[in-house]
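Following this message is one structure expressed as structure tokens.
Chain IDs A, B, C and D follow the sequence of writing; residue 1 opens each chain.
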Amino acid sequence: MQDPEFERIGKRLIQEGLLSGNFGNMSVRSKDGFYITASGSFLDNPGELVYVSRTKGVGTGASSEYRVHQKIYEMTDGTAIVHAHPPFAVAASFGGDAIVPIDSEGKMFLPSIPIADGEPGTEALAESVGEKSGISPVVIARGHGTFACAQSLEKAYLLTAITEHAAKVLYYRRSF
Amino acid sequence: MQDPEFERIGKRLIQEGLLSGNFGNMSVRSKDGFYITASGSFLDNPGELVYVSRTKGVGTGASSEYRVHQKIYEMTDGTAIVHAHPPFAVAASFGGDAIVPIDSEGKMFLPSIPIADGEPGTEALAESVGEKSGISPVVIARGHGTFACAQSLEKAYLLTAITEHAAKVLYYRRSF
Amino acid sequence: MQDPEFERIGKRLIQEGLLSGNFGNMSVRSKDGFYITASGSFLDNPGELVYVSRTKGVGTGASSEYRVHQKIYEMTDGTAIVHAHPPFAVAASFGGDAIVPIDSEGKMFLPSIPIADGEPGTEALAESVGEKSGISPVVIARGHGTFACAQSLEKAYLLTAITEHAAKVLYYRRSF
Amino acid sequence: MQDPEFERIGKRLIQEGLLSGNFGNMSVRSKDGFYITASGSFLDNPGELVYVSRTKGVGTGASSEYRVHQKIYEMTDGTAIVHAHPPFAVAASFGGDAIVPIDSEGKMFLPSIPIADGEPGTEALAESVGEKSGISPVVIARGHGTFACAQSLEKAYLLTAITEHAAKVLYYRRSF
């Protein structure tokens, strides 16, 4: 399956500096699983998506982060996930167990953004992010990046943008 | 109504990092009110504008910031407003009652940029911004963003760019 | 006169964050004077250039910075000038009488970048920049911006990019 | 020879702020040498590449950094090299003999990024970078820029992006 919405959102993520290179990945929930970007694909040109079924296993070439997506879909009602590597949010993630925004949008939409632990691609990270995704639509994997879950890729991207803006304001305010 | 000038200015605002995601909004004064971007619209693709009449109420889907725009139009002769979320200006807004630029353009066009208080979408914020818009063409809502009022969207955008440039120079000069 | 090279260089200046809004201006030397961008024009869409003659006066609508360009052409053999507002270079200009790069390109091409004084648009600024343009192809007007003079717009833009890169490296190295 | 892959990668390098102006260069290994971008060429519009033969000498107009590329190809099995000037990595290079990333991708792909010494264009720099390229796919020339060597231009660009992201996270974390 291909989906032009993935490319549209991928282009905005790159344009706004929320990820670089071929990092990050995105998925949308389907009946019995979800479609995720392929391992190594560029989000502004994602090409063919890979299906991960709850019952029939993982399609060839799925992003190695599929475990985290799977766990978030188990723990929430969200239907789309954006994983990005925004530099201010990643830097802020070293500071404690949560980022607490001071800007208006951050305070309104993400009053406390939890930090999860675990190495990329591992079950441990999936467990930690999944657990915290029950209490916040955005979770940051420490030193790694954001996982935003919402009812659409667009909304998940917007939550990612709010997170990075909040981290920037904290940084420029010299509060992290 | 649609207006290609909204899209042109929206694209520049995003290109220069003065806002991200679907944040910010813009309006132009009309005979008996003003046209404002819809709630949740992306400023680089604003689509149909919403009419806010002084006497006949607020069109469906108007940006929730319409109160601030309405108050600024009451208090000034300006005919266009740009509201953006430039990160350096937002961070600087926590520091006091005004930002005082040290760069040449800031000193010339915006010698003292007042900070207003109040939560986004409230009458209190509208009152605070409206009052200060009588003394400066740009007012910053603390922790939230800029409201620039001028005789055209282009001029209001340029005042926004001057504000962010001034805040950047203050920051890199380590003066805020 | 129009010249597509102005637009090409203007687009690169904006893309690289060396100026924002409609700030900055550019000129090329001609037989008896120079062609300069119009006051208020956007450098990525400069439109009709304005002629400034040494003997017959200043064409209508010339950028108010024409005095600085005129003085630089008097003092040097350069045939093109780019004036931009790069934020790191502007912030660094408050620190002393010159910026001394520590990066390789800065050290090679601009070992010491002098700072000039004077308010924008004044004869005093023109005198100060003109004088220092005899010793360095880039001069920074304190709190205002860069004036780069070379044998082409492209070369003047590259010197501007070297200046901002040098200022960034000094800043991130915490040396200014 | 021209190669559209050079232009594609050059555009991404510029879009992500990994180089500015006409800085940086790229090459791909060939049977008896390598093709490198011309001196002064813009990487987003590289034009005709220049051949550097191991046995028959250096084609006219080759980038003056060809010595470093030549030495890296001697010391490694890599088939493509990207040299860029990412500002955070350059600033970080003044701090010691290596950059040690703390972010997940940096730790995984580039656990310790060595710093080489020597002036641009010299044999000394080529020796220093070449020697260290045996132990890391990315080497940073102090105060100058990154040399990334891999099996394709795309992979070399991605290593460059990882390096700058790692340096950014270290900087924003206030660790360099």
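The working rule: a residue touches a chain if its C-beta (ideal position, glycine included) is under 8 Å from a C-beta of that chain, and two chains touch if they have at least 3 such contacts.
Keep in mind that this is a model prediction, so the values were computed, not measured.
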| item | value |
| --- | --- |
| Of all other chains, the one whose Cα centre sits farthest from chain B | D |
| When chain B is superposed on chain C by its C-alpha atoms, the rotation angle in degrees, nearest 5 | 90 |
| Chain D against chain C, contact positions shared by both copies (same if over half, else different) | different |
| Centre-to-centre distance between chain D and chain A (centres being mean Cα positions), rounded to whole Å | 30 |
| Between chain A and chain C, centroid-to-centroid distance (C-alpha), Å | 42 |
| Set of chain C residues in contact with two or more other chains | 171 |
| Arrangement of touching chains [line / ring / star / complete / other] | ring |
| Residues of chain C defined as touching chain B within the complex | 14, 20-23, 85, 87-88, 90-92, 94, 119-120, 141, 143-145, 171 |
| Complex interface listing, chain B residues touching chain C | 12, 15-16, 102-105, 107-108, 157-158, 161-162, 164-165, 168-169, 171-173 |
